[in-house]
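Input: structures, listed below.
After this come two complexes, each holding chain A, first together with chain B and then together with chain C.
On to the complex of A and B.
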């Protein structure tokens, strides 16, 4: 536990030791807010549905960019040798990196607070708004981002190239996002449809973003996170 | 302190370390010698619990690296090859991070870092990022990192590679200073380093241990032979044939001739024989002037080449 906290602190701080974190935050915020705002006044609806539809897709590209460095660079520079020969369990190291990244991602999500504020002062006074989907949407984003993050962290542990880690991470995230898509499901045998829908990251997100916080969806996200963190620690162990 | 028994590690088809066994006792400084790719680094990685051996045992005190991995790691300070450090971290930040990772209590953390900065003479550079430091200073940060929890055992993988001669001497002095109280294994392929810093040398070649002993012991083990040099004022050919006739001489080779001080010969004596006395008597008998009589022990370099060139 102590080790994990030490690593979380170090990982979170290391995002800000290079300009990368600031570039990431600015790029993420500019792109999402622009894409959301361009249709916002035309639609004239007091919800953030377009925002919550967009961010999970943007995250497919952005989250693996947060994590791609974490193990790949550690391996390329050899610093992993110092890390793994200090009295730290593999899982503690994995968790430290994951939680550090999760906090950073939470920060990125937090910075989109301007949108609900805009909503509150522009459209909402006229048509009235429902807070449930917004709160749910944010919780959903945080959980879904966590799942993406675990996937990205795992793919970073596969090779010692950051770019390869980013591409692999993006592909796995995309695949898990798309499996529940009706466009692909209609070609499948009927019996398999519920299974693929259950696997899909986006389906569970839709539930939460509707404002319905079901324990099953939360369990699902945490299982995905722990599954990939477990694979990650296996990869770290496999060096031996 | 460290007992390595039949240690074996394979990477696919190649056997990187092949049944290596040795013991290191408390307070020893052991030099790990071998050409590049001999298996030095792999052996060290297994002792530090970074890699797991395929076969064999490593025992640190009474702890086994497989069963008590975390406890073993607590006792060891490790400086990996090429000193991998987080380049974008500040020197003090980095040392504080390692101190926390090494479970040094909060109250002692700062004073410990200050102490280690002093031991490794890092005072001048503490405000910089590690990436801005020269190679010599990075090496010191690496050493500081390995020393911060005051480990009983230090494992240093090529601590002086890539440094300039002054830095090499500084780092060696530092290792000697630290080594008074610790057990150290350091690997190198620079031979004078072993003579300069270590009590003992272990030579590894193609994954196998080929020699183990103090540098003097190794010298004896390898050839057990000494080369003699003699310079005699006299007719070159006659002198050479007379030397050759001596029982205590195996072979003689002419080296050079100078009109003032005579001809110089290199003499190889058979094992356990010293030709000095015979040479002197021979010179007296023939009324030649002996201007030089010296010998040279086989150096570590010779031993190394002898054992590892195949």
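On to the complex of A and C.
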């Protein structure tokens, strides 16, 4: 546990020791908030539906971009040998990187707080905003981002090339996001439809973003995170 | 260990882990129900009204859900929501609610039965092997109680709780309330022009238009009488309406005090005589039209070949000034009332009667009196000062024990009956109106709702005003009068919209927009720039250490 905490601190600090974190945060915030705000006053509704519709798709591209370097960089710099020969277990090392990344991603999500503030100050005072879907949406984003992050981390452990890791990470995230899409489900046998729907990251996110925190969705996201972290640690072990 | 054995072991471990996770998810999905509804109105949780309703069931209600196994994907996700909701109902029903699922797929006999019960098959287009194909699917339910049955022909997830609770209420009530609609039959076809309203009321009640035929009284089984855009009644008809209230009947009056030609926008006072008895119950309808300079609806006007959408103060949009204490209006977002007249309290309000304003204009309400000029393009040239405007009441609910408007007077004669008696002696049948023995001068506790506008729920204006709450307002009022306030909570909570402030200027909008887009990124850039010297200093320190080590 102690090792994990040390690694988490190291990982989180490492984001801010290069311009990468700043570029990521600024690009993410400007793009998403511009896309949301350009139609906000035209729609005339004080909710964050467009934000919660956009961010899961933007994350598919952005999160594998921050995870692609996590293992590849260790290999390139030769620090992976130090890490693997130190008294740190594989799972601890994986968890350290994951939690560090998750906190960084949580920070990125938290920095969009300007949007709920705009809602608060622009909504008609007699109706007010419904905080439920906003809180639910943020919790959903955090969980979904965690799942993307675990997938990205796993893909980074597969290959030495950062670009290849990014492409694989993006493809897996996209596939898990789209697997419940009606367009794809039409072609499947009827018996498999509920299974694939359950497998879909987007469907569980939609549930939470309505403002309903359901144990099924929570268990699903933690299962995805755990499974990919487990795969990751197996991959590290096999490469030793 | 050989490489092959290592890979096999790893695969076995990974597959085992995957299987464990699949089983855990399966068990949780099937057996564990735990969820928190964070929404303000608890939209996704069974409402207290529904809980109370099923808790109080005296006998077993059986819900038969006819849902095809083979459904297009967008409907199969809804199936899960339907099952969840039904589970919640069952949890509160103390064993008095049974749920059964059927797939009518290959059962022709069941299909015929469903056709008879009013659950139609849906014809849905789906994609099969890259081609569009039509498929037949069922997505409805019946609610059965003793020998009574209600149908939800097509499940709409948005309104399912209301539809189900309404159906359960209806089958389990000893007698469904009777609603009658009284309108001027020569000018208004209620079934045609108020189709949306009628359909919605008929979901729950026995509702149909009536006329007071030749001096007959309004039947005692009628619970709520809705008068829509009436012309002048005969004295005897007014007396029968009065006696309906004295017997404890509830009245909703949508009266137009000003007659408007909707093509030419000519307006003339033409207050029907029901206003006289309403004044005696405490509610005065004024001969005016209210404009709201601060909160008005959008209206479309034709100018030659063009159609222009504009803010039209004669279409009063009541948002802030809805009564937030009363269940009828508590959760509504906005009512849009086209060409509405104001109401005031009569000079002498009867003792024991309480008036509640349900909707008012803002403080910027302006009272127009005859001659009226409703032309939207002329409005801008007027000068209206602060002293000319004030708040006006637009909907009143009177509750209490009312005194008859005909107290101490003889029963008015039925004009039509007496005329026919003169002409065709002795043919006319005896009048079955209220007799001297039956008449009452004091009502039990009852309610009268008055709104000086009948257009706001007419199909044409429901569409033109784009206000979903117009219909909800009237539905809530009927529910409140007919069966108490059980169902209001369920309906109103789904209709919450979150409009923006109206008074936001363009400059404010631009400020909010750019503050949201650039505010945080600028802070992050500044923070990053401020850290550069520290990072450089640290790097220099490490480089120095490395150089020393090498030396």
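By our rule, the second predicted complex is superposed on the first by the 237 of 240 C-alpha atoms of A that agree within 3 Å, B and C clash if a C-alpha of one lies under 4 Å from a C-alpha of the other, contacts with A are read in each partner's own complex, and residues count from 1 in each chain.
Here, a residue touches a chain if its C-beta (ideal position, glycine included) is under 8 Å from a C-beta of that chain, and two chains touch if they have at least 3 such contacts.
Just so it is clear, the structure is predicted and the values come from calculations on it, not from any experiment.
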> Superposed on chain A, are chain B and chain C clashing or fitting side by side?
Replying inline: clash
>> Per the contact definition in the header, classify A:17: touching chain B only (first), chain C only (second), both, or neither.
In response: both
> Of chain B and chain C, which one touches more of chain A's residues?
Replying inline: C
>> With both complexes superposed on chain A, which partner does A:131 reach: first (chain B), second (chain C), both or neither?
In response: second
> Between chain B (first) and chain C (second), which does A:84 come into contact with in this model arrangement: first, second, both, or neither?
Replying inline: first
> Which partner does A:29 reach: the first (chain B), the second (chain C), both, or neither?
Replying inline: second
> Now for A:2: first (chain B), second (chain C), both, or neither, which partner does it touch?
Replying inline: first
>> After the superposition on A, what does A:161 contact: first (chain B), second (chain C), both or neither?
In response: neither
>> Counting contacts the way the document defines them, which residues of chain A are shared by the two interfaces, the one with chain B and the one with chain C?
In response: 17
> Quick one: in the complex, what on chain A touches chain C?
Replying inline: 16-17, 19, 22, 25-26, 29-30, 33-34, 36-38, 40-41, 44-47, 111-115, 117-118, 121-133, 135-136, 180, 182, 185-187, 190, 193-194, 197-198, 203, 210-216, 219-220, 223, 226-227, 230-231, 234, 237-238
> Touching chain B in the complex: which residues of chain A?
Replying inline: 2-3, 6-7, 10, 13-14, 17-18, 77-89, 239-240
>> Can you tell me which positions in chain B touch chain A when the two form their complex?
In response: 45, 48-52, 70-71, 73-74, 76, 78, 80-82, 84-89, 93, 97-98, 100-103, 145
> Touching chain A in the complex: which residues of chain C?
Replying inline: 6-7, 10, 13-14, 17-18, 21, 24-25, 28-29, 32-41, 43-44, 69-70, 72-74, 76-77, 126-130, 319-320, 322, 324, 333, 496-502, 504, 509, 512-513, 515-521, 524-525, 527-528, 531, 535
